[in-house]
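Chain nomenclature is as follows: A, B, C and D, assigned in order of appearance, with residue numbering initiated at 1 for each chain independently.
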Amino acid sequence: MSFWDDVLLLDIFGGLRMTGRHLFRRADTVEYPEQAREPSDRFRGMFRLDEERCIKCTLCAIECPINIIFIDWHNEKNEAGKNEKVLDRFDVDLKRCMFCGLCEEACPTDPKSIWLRTKTYELGTYERNEALYLDIRKLTKWDENVKPFTVVEPGEGR
Amino acid sequence: MAEDAKDAPAAPAAGEPAKPGVPAPATPAAAATPKATPAKAAAPAKAPVPAATDAASEPLVVALAAAVPGAVVSAKKMASQTTIGIAPGKLVEACRHLKDKETFTFLVDLTAVDWKERDPRFDVVYWLHSFDRGNERVRLRVGIKDEQACPTVAGVWETANWMEREVFDLFGISFEGHPDLRRILTWDGFQGHPLRKDFPVEGIDTGAAIYPDRYPEGGGPAPDDKNRKTVS
Amino acid sequence: MSEFVGTVGAVPEAGDTMLGLREMELNFGPQHPSTHGVLRIVLKVDGERIVSARPDIGYLHRGTEKLFETETYPMVIPHTDRLDYVAAATNNHAYVLVVEKLLGLEIPKRAQYIRVVLDEMQRISSHLLWLATAAIDLGAITPFFYTFREREVILDLFEDYCGARLTLNCMRVGGLEEELTPGWIERLRAFTEDLGGKIDEYEELLTENRIWKDRTIGVGILKTDRCIAWGVTGPPLRASGLAWDIRRAIPYECYPELDFEIPTGKNADTYDRYLVRIAELRQSRRILLQCCDWLTANPTGEIRGKVPRVIKPPAGEAYASVESPKGELGFYLVSNGGNRPYRLRVRPPSFINLQALPEMARGHMVSDLVAIIGTIDIVLGEVDR
Amino acid sequence: MDISESVLTYFLIPAVKAVVVVILVATAAGVLTYIERRTLAFLQVRKGPNRVGPEGILQFVADVVKLLTKEDVVPAKAQHVIHFLAPVLVMVPGLAVFAVLPWGPTFTTRIPGLGKITTAWYATDLNVSLLLVLAITTIGVYGIILGGWASNSKYALLGGLRSAAQLISYEVPMGFAIVSAILMARSLSLVEIVEAQRAHHIWFILPGLVAFLLYFVSGVAETNRIPFDLPEAESELVAGFHTEYSGFRWAIFFLTEYANMITISSVATALFFGGWLRPFPSVRALAFLDVIPGVLWFVLKVAVFLFVYIWFRGTFPRYRFDQLMALGWKTLIPISLVNLVLVALAALGGTRGLRVLGTILWIAAAVAFLIVTRLRAAKPPAARLVPAPVGARKAEA
């Protein structure tokens, strides 16, 4: 039987039938720049930082596996006369970031003051150092630099 | 060889997994008292913390000690895994015995641990598996001094070939009688052995640089940035 | 098909060539379409017949094990993603298992099931990727697109669960970080039920195809004893007839509760390895369906055990392994009681399986070398670490 | 025949035709690359090139422009002269064959200033045109071998050697397959072979089923296409003989491969599928099909073969070198010899003999196919792997 299968090229025709069946199926691909998939709600994308919520505890910097978060702050007296930490610098060396999300996990504030669930994934740039070495202004005002941009607040997508 | 065999029992640390070695920078307290007491578990209380227990009465250990006299230096059990300390001079003999008589035909893993300040400095660790004994596994451990050659087991298990090359490459332990002892992961001509504790994590200057004229080194924060963490 | 196949595997003596000519040295890689990364193989060929093959690795060495020693225990997990980057979940799993073993932690049942789901999804996606690339190596380009279509669904599910598609960072010491999203199990079930027909499609393209059979049957034979001597695990070992799988041999998580079989081959050749992997796809599908049932029946529960805030395993050592899609993936952890691993060694299945390549390739032709590299299923990120 | 007429017949018209053929074939090869990519994409549930021009039809123009402007890299230690000549040596025979391919019947047209002209849809008709086809296409392999050798690269060398071995093996069954067509038509001229199919009232595919299969398989091998694309096997030899070629010289290799596909398909059409004839050329009831001119019939048939080429590429893995040789020498050549004897015997019987042979062949094939598929459906193949239950326990939960 297998001899006759061979002589009659059944395997060959079977394969051809298989691919031929796909000839008229709809393509499964997405034409990227025009169409884009919506990332899921938990998608780990570009950083966001809420300066108001941040308590400058630097836990995110400590927890970062590759040490790419740099935080400086100083104490200032506020109107109430209390000492308050003021951020000088909140830098993320984004080109090394591997988007593991451990900084977000480490953040003790509720809701989180640093988070990655932002659905922004188009982070390509032409200049290696300038565009990706982020300072706090770029982080907090990211939406002015890259559009379209949606932010999923922590808690929404869980 | 005979000297090695004599040395090993004199250095009880060779068989002591539980001994705190080099302190990790973050926990200086853990390394404050480098004692050789085996049962000293550094982690604070949690209910079922596995602790090392003596395993000298295990049948396998007894059988090995009887078959290859002088081979067994110590025997510990932790997390239900048996570790047998072996004298370097008796290693090949013990391995042959375990493979041929005790059916440990499969060398799962071979690696080394660098206990920087201990003598002997390195532990070479063998992790054996037996299909015929109900998937039993046993770990062998050999204390090797710096600059001392470890006998090769590539003649016992062929798979030890690359693993020993890797240990040679990353720890600088040479294996006596190895058929093809060359560097395997780093390139030929690389200076140093990366997994030794005294090798800097930041790496060493090998003369290779990517566009040093265009980009600052590393591209990140300057070396004198006070936020820049260095770990070693 | 021919007598040539009969002579394949015969080992030519060095220097004794067909026409009495000098052997040619052929550099296969590190830049080559079918070395699956940056693997270099120095071949000595007599015509097209391989006299000796010497793998040269290390082009992707990143010092991961050194890096592990500088990280606290939770921070190691993202780095393990990058070992076998097409099966990140199993890497996470093996690592957290070894830490849990040293800590003596109990994992909640629900977390165990979710971990198994992630593992098996990862196995399916890794095997699909293997099928795609192995078929391309042998010249069949179309299965690539069909398998990637299915793999895409798995990646979407991963993205939905943990926010990443490839480097998942999805497990934590003591359990899991996140609960499943609503509707996730239903989507997984729909996909899994659909998968059976899709596997039939791949089989229709390849299993009976005469060219595929000619190219794979009798190629790269590695019998059981040689497998064990070389430390080869995973599908190559099972294709040689030994039903040995960590999931059954040294069970972890909830695998003892699940009903599945270990497919084995007979001839230990490339074709049997292909069949074993296809059968494993089906078995993984079976496991996933059982897990879906369990998770639907137990929709809530703890997903993280009682983990201390700072993870400091007691001084000591432990080894734990999982059945990764490539073979036995083990982590050997030496702790000195601190909050960082004193030494964390990976037992990489790809690295150890690759070692058998010279023996498998000797006497075959250059074209077969491609099939053999494909059939070992290496990931260079894991080989070189 | 006065002088002006002979100039017209023997010089001017062939010259015009030659230019037209070269331009058409080069363009067709380019378009074919686009069609192949699109068709493959459809087979593989994706979209393929669809950006340049409407539905991406201008993709090949963009490719050609890109290749023309690319740097032409020549390895430092290559044999420069031969490295330069090799693509030419491949291209010239590849295009020259088209001189004798019969695309359509003779026709008469009126050209202003020249009067009525009777000419044909082919450049020329030789009485040994099949021999010419075989001879010229064989020359093309020299370009491949020399290109592979002159590159001074081991991969290219292996590719060139494979090509040589492959060509030698597959010329033989191909020749025998062609000979059976010649026996049926009793002529070496492609035009006369087509006309003979009208005279016999059947396409030669009927008695020549086996010969056609042999011819087509050998043709796929001759054109280095999957499943026989060993000389340029991408996953093994990087790019085979043209590893070290870039820019437009590479494009010449590439386009010639496609031109060769068209050649093989055209010859198959002429030999076995009635060339420009409509289906069942002698059945009057189908006369309405003559609305479609002969050239279009020819193009249509060629297009079907080209699609099959692409379909093959989308379906099959690649043979190994020794298996390819074994298939050629041990399977195809014996079959082609037996087939040759059968066809020769049938051809003795003239039209009737050919019809008898055709009927027997097709009925035998159909019956065997039915029986085997029935048997298969009745008895599904046994599982190849027996899963070994090792400690499998029933789910407790």
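Criterion: contacts are C-beta pairs under 8 Å (C-beta built on N, C-alpha and C of every residue); 3 or more make two chains touch, one makes a residue touch a chain.
No experiment lies behind these values; they were computed from the predicted model shown.
Student: Measuring from the mean of all protein Cα atoms shown, which chain centre lies nearest?
Tutor: C
Student: Count the touching C-beta pairs: is B-C or A-C ahead?
Tutor: Contact tally favours B-C.
Student: Per the centroid of Cα atoms for each chain, what is the distance between chain B and chain C, given in Å?
Tutor: 26
Student: Using mean CA coordinates as chain centres, what's the gap between chain A and chain C in Å?
Tutor: The answer is 27 Å.
Student: So the centre of each chain is just the mean of its C-alpha atoms; given that, what is the distance between chain C and chain D in Å?
Tutor: Whole-Å distance between the two chain centres: 42.
Student: Can you list every residue of chain C that touches 2 or more other chains, as numbers and ranges?
Tutor: In chain C, residues 72, 142, 146, 149, 205, 208-209 touch at least two other chains, as defined above.
Student: Going by the touch rule set out above, which residues of chain D reach two or more other chains?
Tutor: Counting only residues that touch two or more other chains, chain D contributes 43-46, 314-316.
Student: Any chance you could list the residues of chain B touching two or more other chains?
Tutor: none
Student: For a test of understanding, state which residues of chain C touch chain D in their complex under the given definition.
Tutor: Per the touch definition, chain C meets chain D at residues 1-5, 24, 26-27, 32-34, 48, 135-142, 144-146, 149, 205-209, 211-212, 214-215, 243, 245, 248, 256-265, 272, 275-276, 279, 283, 290, 294, 297-298, 365-370.
Student: In the complex, go through chain A and note every residue touching chain C.
Tutor: Its residues touching chain C are 5-6, 10-12, 14-15, 18-19, 22, 28, 39-44, 63-65, 98-102, 105, 116-117, 157-158.
Student: Please give the residue numbers of chain C that touch chain B in the complex, ascending.
Tutor: My answer: residues 57-58, 61, 63, 65-67, 69-70, 72, 101-104, 228-232, 242, 244, 249-250, 308, 312-319, 321, 328, 330, 332, 334, 336-340, 342-343, 345, 347, 351-352, 355, 384-385.
Student: Where on chain C does chain A make contact in their complex?
Tutor: Within the complex, chain C touches chain A at residues 71-72, 74-79, 81-82, 142, 146, 149, 152, 156, 159-164, 167, 169, 177-179, 181, 201, 204-205, 208-210.
Student: Inside the complex, what are the residues of chain A that reach chain D?
Tutor: Counting only chain A, the residues touching chain D are 1, 4-5, 7-8, 10, 12, 15-16, 18-20, 22-29, 31.
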